[in-house]
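Take a look at these structures.
The following pair of complexes shares a single chain, subunit A, combined with subunit B in the former and subunit C in the latter.
Right after this comes the complex of A and B.
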């Protein structure tokens, strides 16, 4: 029983991490149809932003304040990644809408540039981010221990998802974004500046990648190539969930998380991965458009 | 209606805020890392020498340096490049080799094994270098092996590895298994317990190394409670940690490589397993990796190497000082960095001995060449072209440095095929028969 509960928690925890790294991509790839290979590097930027915030706290503030650095790191990671994403959209991607293959190559190149930039600024070795004492260690509930960092990530991703649903479905900005993504010509003919919507949407997606980077500092390495470890998983979640569907992304992430840890538990890490991809291939045969499918009247 | 002036102001304000935030964080970054500019300039030098065919005067000798300066391995290999350049500089300041100045020709293996092979043949054929210092992963070494053999070149390789190899064209400056893994397992079983959990990355080094470990542990009457491999770059260790909790081993023997170590140790710590509960002994975690993992998470765990930054020798004091002076106060040294440094000196001494840079003559003269390395005296073994060196087991301290808890006293003679161990008989036949 204990085993099952802790294994279920592991699955949900992995799912929450997958969801966090895929949220930004669900916007840039899912909604905007940009095959954004630089998504991993935007995650990396969020992680380095967290590192910088932490270093500032160590250098300039008393030690007692240190535990609170991660509160400030969330907006810092979001804003830095959003800014870089906005620049990326403005310089490269806006010229490539509707040309998925070109944008794939261009964003891949941009990703390499960002990696090398990080290497020149911060050096090639990994940097260390110390988890705040509040988030290290585990909570014991009925003799099963749950790592606090994992619980924090689950809460963080819940907050992000709720915010995204609110933003996309309850605010006028969100409505505008959905209008442009569903029918660009119609939206622009009723007076929406599609150019502006594109750039803010992309920056928003990049910002969420930044938050993912911030959370990943709690559990993984922080180095220039951090993004490459997560990019495939991020695309996998968005594709399985159904391109363009937020709810699909959420369910797909949790499903993949639980299946992955389950397979890994019964076989081993390498084999678990193989089985997971086998299941996903079969699943996409059955539902080529993913879990949920947005039906539109678009002709393309 | 859609774009009221109020909103435009808001958007403008946010953009300004974003810009400010971005700028300031980048300024901080530049100030913070003093090494950045130094690193950039050295790699720029490498870049320029890469484009033009290297022209050397008659009083100069070109030497090849081939490490991954980009891609996933760059984080480890660029530091080895740095220490090799430091050694070359020292040799030049002392008058060079055979009265000639050494000119480093730096190539980027880009963490890609075919690139290593291609760059190695460029160095040997086009630049005509008498020696290449390079490589890190076993895969990169195996990619360069046929190239140096076919061109009769010379490769000095700085990293500990799984053994079971001895090419006439390669000198192995890192530890053979009997200089790192075998003594580590002996020490663990003596001091920490007999139930051992093996965890490694899923590729050639951990799998071969663990086969030897299994026969050694069986022979000594211990138990392997579990053996787990994760793909390179794996980042979620929760399931593995659940297994560790179920099996309750006395120790974990860790052959994970690269970034996975960060994820594993952070998650192990968060799961509430401390070094007192289950100590982990790693063979791929050195000072530089500790900086990336965080010393708080690693405190009390162990590593087995031939050298630590804290190793107490006069040579090391000098080495650490000049390394920091050259590359910045925040930099640390470590075992492969030290091996990169002393293997350049070993080659230079072998060349002096031979009186020429000719590969066959140098190989002939190399056996028995000694050097007082930062980690203690080292000597090239003429038979298997490995290096005798002292084995040290260290415990991670709060400040990210190791404290030595055991050493072998005298340098250990290299035995890459584990021929002197009864339990390993038959093992080398199975493993080298690829």
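Right after this comes the complex of A and C.
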């Protein structure tokens, strides 16, 4: 029983990281019909931003302040990744609207460049980010221990997702995003600047990838290829969750996280992956368009 | 048709290329001939990839796996032959006492060669069956092929006692009694690869110009219209995807005999995407372009990545972006543009065909 609960907890914490990564992917795919392979590198950028903030704290501030670096690291990771994402959108992606396969390949190229840049700046070997004392150790509830860092990650993701729901469904910007998603031409003709909606939304999704990168520094060492490990799983979340509805992404991310750790618990890491892939293929037999979808009668 | 005009056609260019490739070993040293032979194996693969991507509009980023399965199966056969029935080292280290069943089966050359083609085809048709009939298409399918790569590579790495794990298989020394390291054997393999390349090109060229090929192009340009006309498009997609996987397996078998090592990193996600890049560089939907793309990109990788590894990565990244964004027709479209400038509107129709391959891919 305890084993199962802590596996479930691990599953949810993995799922919540996937969710943070997949949110940006799902929204930009729904909005602009582009798939961003460089999204993984935006995670990596967020992680290195955290590393830089931490190094600055170590170098310039008294030791007693060190614990608080991660509070500053969250906005730093968000802003750096959002800025690079915005640049990426402006230089590459805006040429590729409505060409998902091409955008996948072109952004893969952009990802290669970003990875190499990270290698040139920070060196190829992984670097470790020291967890703040505040988040090390575990909380024991009914003799089951929950690592504090993972609890923090879950809370962080919950906050981000709540913000996203609010932004998406309650603000005028969110309304514009949904309008463009449903019908770009119509939205444009009633005066929405689709260009601006696209670039801000893309930057926002990139920023969330950056926060995911910050969260990953709490789990293990980081390196230039950090994002690649997560990007395919995040894509699977988009495929399973469907496009255009936040709720689908949330359920799919948590589901994949829980199934993944569950399968790994009962078999082993590689068989777990095979089983997960099989389950996803079977799931798509039932819902080829994912859990939720903006239903239209449009063809092609 | 006059000779000069015939040379300008696809078949003509291909024949010239073949003659050139057949003569090149006279000039090149053994090492470079062997390298070129490996690139020719990639060229075989990209013809198959172009069939699904360029002609049918399905982007597969899983061809590394089909290629890799062919390579692994051939490597297993050669390893058993090289070791003369003894267990390979990595198996002894992981405490195996006798050859596993799969290896026993693959120590038969006929079974190995057949399975090297049939196993990729079987996996491709299975994936195709479960996706195409549900109309899962476009980027969704592409993502699933990528997941297939991830799953298979994880499996290969983890089943170390059967596959050699992340070190792969490297004890490839003799095949049918011939030493694989001797220049004569490698020269023979070079020409064998060249012959297979010619055969595959001829077959695919016939295929895309047949009625079947027209259906493939129609699927790319307007699948729903075709469906409404009563075609079972899922069937066509499955067939072409399976065929392409078989070609990839064949290419993998020829490749591994020339490089004499296969590891999971050679067939992972990044190599699989690079294969798509070669097609894009050469020109999608042209069959001929991808061959040039594969050879040029690999020559570049070999000669620049050793001396300038950092710059090369930046360069490859840029090539990805520039080719996809600004030159969707690839190198072949440059040729066509020049041709049109020179001959007026003569070839406009031909170019439109090549151009639509690039525009209507999704």
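The rule is simple: the second predicted complex is superposed on the first by the 293 of 300 C-alpha atoms of A that agree within 3 Å, B and C clash if a C-alpha of one lies under 4 Å from a C-alpha of the other, contacts with A are read in each partner's own complex, and residues count from 1 in each chain.
Following the convention adopted for this analysis, contacts are C-beta pairs under 8 Å (C-beta built on N, C-alpha and C of every residue); 3 or more make two chains touch, one makes a residue touch a chain.
Please read all numbers here as calculations on a predicted model, not as lab measurements.
Engineer: Tell me which partner A:193 touches in the superposition: subunit B (first), subunit C (second), both or neither.
Structural biologist: first
Engineer: Would you sort A:35 into first (subunit B), second (subunit C), both or neither based on which partner it touches?
Structural biologist: Once the two structures are laid over each other on A, A:35 reaches subunit C alone.
Engineer: On the superposed three-chain arrangement, identify whether subunit B or subunit C touches more subunit A residues.
Structural biologist: Ranking subunit B and subunit C by residues of subunit A touched puts B first.
Engineer: Could you tell me if A:279 is touching subunit B, subunit C, both of them or neither one (first, second, both, neither)?
Structural biologist: In the superposition, A:279 contacts neither subunit B nor subunit C.
Engineer: For A:72 in the superposed arrangement: first (subunit B), second (subunit C), both or neither?
Structural biologist: Touch status of A:72: no partner.
Engineer: Which partner does A:3 contact after superposing on A: first (subunit B), second (subunit C), both, neither?
Structural biologist: A:3: touches subunit B, not subunit C.
Engineer: Please indicate which partner A:116 is in contact with in the superposed arrangement: first for subunit B, second for subunit C, both, or neither.
Structural biologist: Both subunit B and subunit C are touched by A:116.
Engineer: On the A-aligned overlay, A:239 touches which partner chain: subunit B = first, subunit C = second, or both, or neither?
Structural biologist: The answer is second: A:239 touches subunit C but not subunit B.
Engineer: Can you list the residues of subunit A that touch subunit B in one structure and subunit C in the other?
Structural biologist: The overlap between the subunit B and subunit C interfaces on subunit A comprises residues 115-116, 119-120, 228, 268-270, 273.
Engineer: Would you tell me which residues of subunit B are touching subunit A in their complex?
Structural biologist: Residue list for subunit B touching subunit A: 1-3, 15, 17-19, 21-22, 25-26, 28-30, 32-33, 35-36, 39-40, 69-72, 74-76, 78-79, 202, 228-231, 233-236, 238-240, 242-243, 246, 259, 261-263, 266-267, 269-272, 288-289, 291-296.
Engineer: Touching residues of subunit A toward subunit B in the complex: what are they?
Structural biologist: Where subunit A meets subunit B, its residues are 3, 6-7, 10, 13-14, 17, 48-49, 52-53, 55-56, 76, 79-80, 82-84, 86, 115-116, 119-131, 136-138, 140, 145, 147-150, 172, 176, 191-193, 196, 218-226, 228-230, 260-261, 264-265, 268-270, 272-273.
Engineer: Please name which positions on subunit C make contact with subunit A in the complex.
Structural biologist: So the residues of subunit C in touch with subunit A come to 59, 127, 130-131, 134-136, 138-140, 142-144, 146-148, 150-151, 154-155, 157-159, 222-224, 269, 273, 276-277, 280, 310, 313-314, 316-321, 324-325, 328, 361-362.
Engineer: What residues on subunit A touch subunit C, complex-wise?
Structural biologist: Residues of subunit A touching subunit C: 29, 35, 92, 95-96, 98-102, 104-106, 108-113, 115-116, 119-120, 228, 232, 235-236, 238-239, 268-271, 273-274, 277, 280-281, 284-285, 288, 299-300.
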